[in-house]
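Shared between the two complexes below is chain A, which pairs with chain B and chain C, respectively.
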Partner chain A sequence: MLAAIKMEVMTPAKETPDEGCIAIDFHMPAICSPIVRPGRPAEAAPVISKQLSDTIISSGMIDLKELSLVSGKAAWMTYLDIYCLDADGALFDAALLAAAAAFSHLQIPVVSLNDDGRIVVFSKEKEGEKVKNKPVNEEKRKLKLRSIPFGLTCIIHKSYILADPTAEEESIMETLITIVLDSSYQLVSLYKPGGPALAYESIIQDCIALSRQRVRELQTILNEAICDMEVD
Partner chain B sequence: MEFVSPEGLRLDGRRPMEMRQLRAELGAVSRADGSAIFEMGNTKVIAAVYGPREVQHRGQQLNDKALIRCEYTMANFSTGDRMRRPKGDRRSTEISLVIRQTMEACIMTHLMPHSQIDIFVQVLQADGGTRSACINAATLALADAGIPMCDLVTSCSAGYLNTTPLLDLNYVEDSAGGPDVTVGILPKLDKVTLLQMDAKLPMDIFENVMQLATEGCKAVANYIREVLMENTKQLENRRGV
Partner chain C sequence: MAAKAGAAPATYSPSPTANKKNRPPIFTDIDWIRPDGRDFHQCRPAFLRTGAVNAASGSAYAEFGNTKVIVSIFGPRESKKAMMYSDIGRLNCNVSYTTFSTPVRGQALDNKDISSQLHKSLEGAIMLDTFPKTTVDVFALVLESGGCDLPVVISCASLALADAGIMMYDLVAAVSVSCLGKNLVIDPVSEEENYQDGSLMITCLPSRNEVTQLTITGEWSTPKIHEAMELCLDACSKLGKIMRSCLKESASTSQE
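Coming up: the complex of A and B.
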């Protein structure tokens, strides 16, 4: 997965003058899998897009008030685009991890409000000229992420639970369950989109236990990656 | 605006005859039959090849050769401002056609009748020369897929600004409005498959610029050959030869 964030300035909505906005989009280009054809986009793409959007916004990972610039006049519109480069099962989990990593890496640039009331990039290289426009924020800052959600997809086949399926396993599955927990092990989302297999409560409990382990593993990996990046 | 300083340095510190740094990686997409990532400076492109496989539209099937299909798309975030319509716009369709015709010149399609070869190219970061990077990436991906070709196809662009021929233009130099010559060659056979130019250029200067671009293509070809040799050695090691 390749996730990238682009930010644009917009005027905030009247009901929420202090909040920015996030738009999340998931794409499956034709390179990722032999089943995706140029004329016909993959069915899974809009489904995962919606799932991701709901999960990230409802988990409260990002405080939209941090995306505000000038109350009522300007706020950040954040576009998160996730491109699947190689589709081999459990796309939602990978996409969620990519989104969390992208937001951890995000640095909001320094901007200032110029005389026409427009936001411009703040440049410090003005020799001799008085700096008329005060920057809205002093330095490039990172977003404060509250609780990061991590997901685990399991498939149920006969009486077995297979965690983190590959594309081959997904093609023969009867039912899949996706469980999203946040870093304090609270359940953020549970997704079981029908299917012929009925999941007994015990199976769901087992899946939740597997997810707990997964959250620990993913958290270590994400923290290591963030540390490596900060060293650079 | 000055693109070449009096000392002979360009905006990014290169000399006029210097190419950007090349980097290539094979086998990036495990689901594809062949794939490659190719970088020319800041321009980053990923190509995947699926085929030869069953033709999807029976009506288009060719009885004596393989059908080649190519699609060029740019990621939303690849350019400076986020793009709204990365697919289906005129530029993408034109470049898809250009890449398809360029690759058709070198793939031995008569060896694979009744089949289809799909080449998909995705631009991840665009900084000028995306057309060339896509053709180079497609060549590597086809080699990774083991599709028979009569020669590699390599491509490079060159321009002419401030009365100096410049090799491998980046985005700023490309949008300066000067001429932009893109050349695609088959290096061993020394034949030109692709030649595109826009803006005006006197004939004698054009010859210089085209010669420069051809030199650039040969340099890319050397690099691609090294990468493929390295890859073959690794495959040999894995097989225990």
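Coming up: the complex of A and C.
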């Protein structure tokens, strides 16, 4: 998975004058899997896109107010694009982790308001001549992530639970269940798209217990990665 | 100024790159320093790896400076039903860009053109008669565009084909040269490509000393072309050696 964020400036909607916006897109290019052909996008991609944006926005990971620049005038439009480079099962879990990592690494450029009312990147060279155009977001260089959601996909077959399935396992089995917990182990979403096997309460409880374990693992992995990035 | 409710709000990028049409005078002088501090005739350091994508039958990752590319090979697999019977195999190439590969989002180049150029330069090197009635798919994704995208895609694709075990006469190495004023610069970065007067790209089979494709655009004089071709061919043979050693390395590690 590869995730990247591009930010552009937009005029916020009237109803929410001091909120920015996040657009999340999940792409499955032809390179990632033999079943995807160019010109015919994979069926799974829009589903995962929607699932991701629902999860990220409803989990309250990001405060949209932090993306505001000038109230009612300008705010950040954040495009998060996630590319699947190698599809081998549990795409949603990996994409969610990539999204969380991208947001925690996001560095917002310092910008200022110029005379025409447009936002431009604040550059140090021009500092002398344009003292009057003060940077508008000097203290908002990083997003504060409140709680980071982590996902775990399980396959249910009879009484067995298979966590984190590969692409091959996913193609054989029909009952999937995806659980998203946030960093304080609160349940964010539970997703079971059809499938013949009934999900009993005990099985769901077991899946949630597994997810708890997984959240702990993923948290350490993510923290290590962020620390490494800060050292560089 | 406020956007109408329901309509998508217009966005713009705050960086000033969009309205820079005039080329800085620096490029017309005889002596100037390249943006990344290289000599005019010095290539960017290349990083090549095979086996980047497990789901594919063969794949490779290439990184030349800021240009990062992944190529996956699928097949040989059955040609589409609608296709006519063919004694020789078919090659299907597709190049795509990520939305964040270029400085302004979603401003990728025309990839049909690049796909067909990739097809033309690989076609001559592959033994198509070894897989009749089937198609080999070559899919490339440019993760980051930092100049010289097409040559990097071509070299990376031939490495991926070798990784997939597709029979080839030789590896295909591609290098391009830009003409900037009085100077020739090899392996240009995007900034140099934007201000170039002309460009020349050679894709060749280094050990057979055969050229599969030669593209020249812009203004060139005959001696310049000679000089540029020599530069390119020399760089191609060096790149060919690097590609070969990369394949050897991956073969020896997989044996262990």
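Please note the rule applied: the second predicted complex is superposed on the first by the 226 of 232 C-alpha atoms of A that agree within 3 Å, B and C clash if a C-alpha of one lies under 4 Å from a C-alpha of the other, contacts with A are read in each partner's own complex, and residues count from 1 in each chain.
One rule holds for everything that comes next: a contact is a pair of C-beta atoms (placed from the backbone, for glycine too) under 8 Å apart; a residue touches a chain by one contact, two chains touch by 3 or more.
From a predicted model like this one, the values you see are computed outputs, not experimental measurements.
**Q** Clash or fit: chain B and chain C on chain A?
**A** Partners clash after overlay.
**Q** May I ask you to name which of chain B and chain C touches more residues of chain A?
**A** C
**Q** In the superposed arrangement, does A:109 touch chain B (first), chain C (second), both or neither?
**A** second
**Q** One more residue to check, A:194. First (chain B), second (chain C), both or neither?
**A** After superposing on A, A:194 lies clear of both chain B and chain C.
**Q** Residues on chain A in contact with chain B in one complex and with chain C in the other?
**A** 2, 4-6, 8, 25, 27, 29-34, 37-38, 79, 81, 83, 85-88, 167.
**Q** Which residues of chain C touch chain A once you look at their complex with the stated criterion?
**A** So the residues of chain C touching chain A come out as 1-3, 5, 9-16, 52-56, 59, 70-72, 74, 77, 94, 96, 98-100, 105, 137, 139-141, 143.
**Q** Once bound in the complex, which stretches of chain A touch chain C?
**A** That would be residues 2, 4-6, 8-15, 21, 25, 27, 29-34, 37-38, 77, 79, 81, 83, 85-88, 109, 111, 118-121, 167 of chain A.
**Q** Flag every residue of chain A that touches chain B in the complex, lowest number first.
**A** Within the complex, chain A contacts chain B at residues 2, 4-6, 8, 25, 27, 29-34, 37-38, 79, 81, 83, 85-88, 167.
**Q** Under the stated contact criterion, what part of chain B meets chain A in this complex?
**A** Touch residues, chain B against chain A: 28-32, 35, 46-48, 50, 53, 56, 69, 71, 73, 75-77, 82, 118, 120-122, 124.
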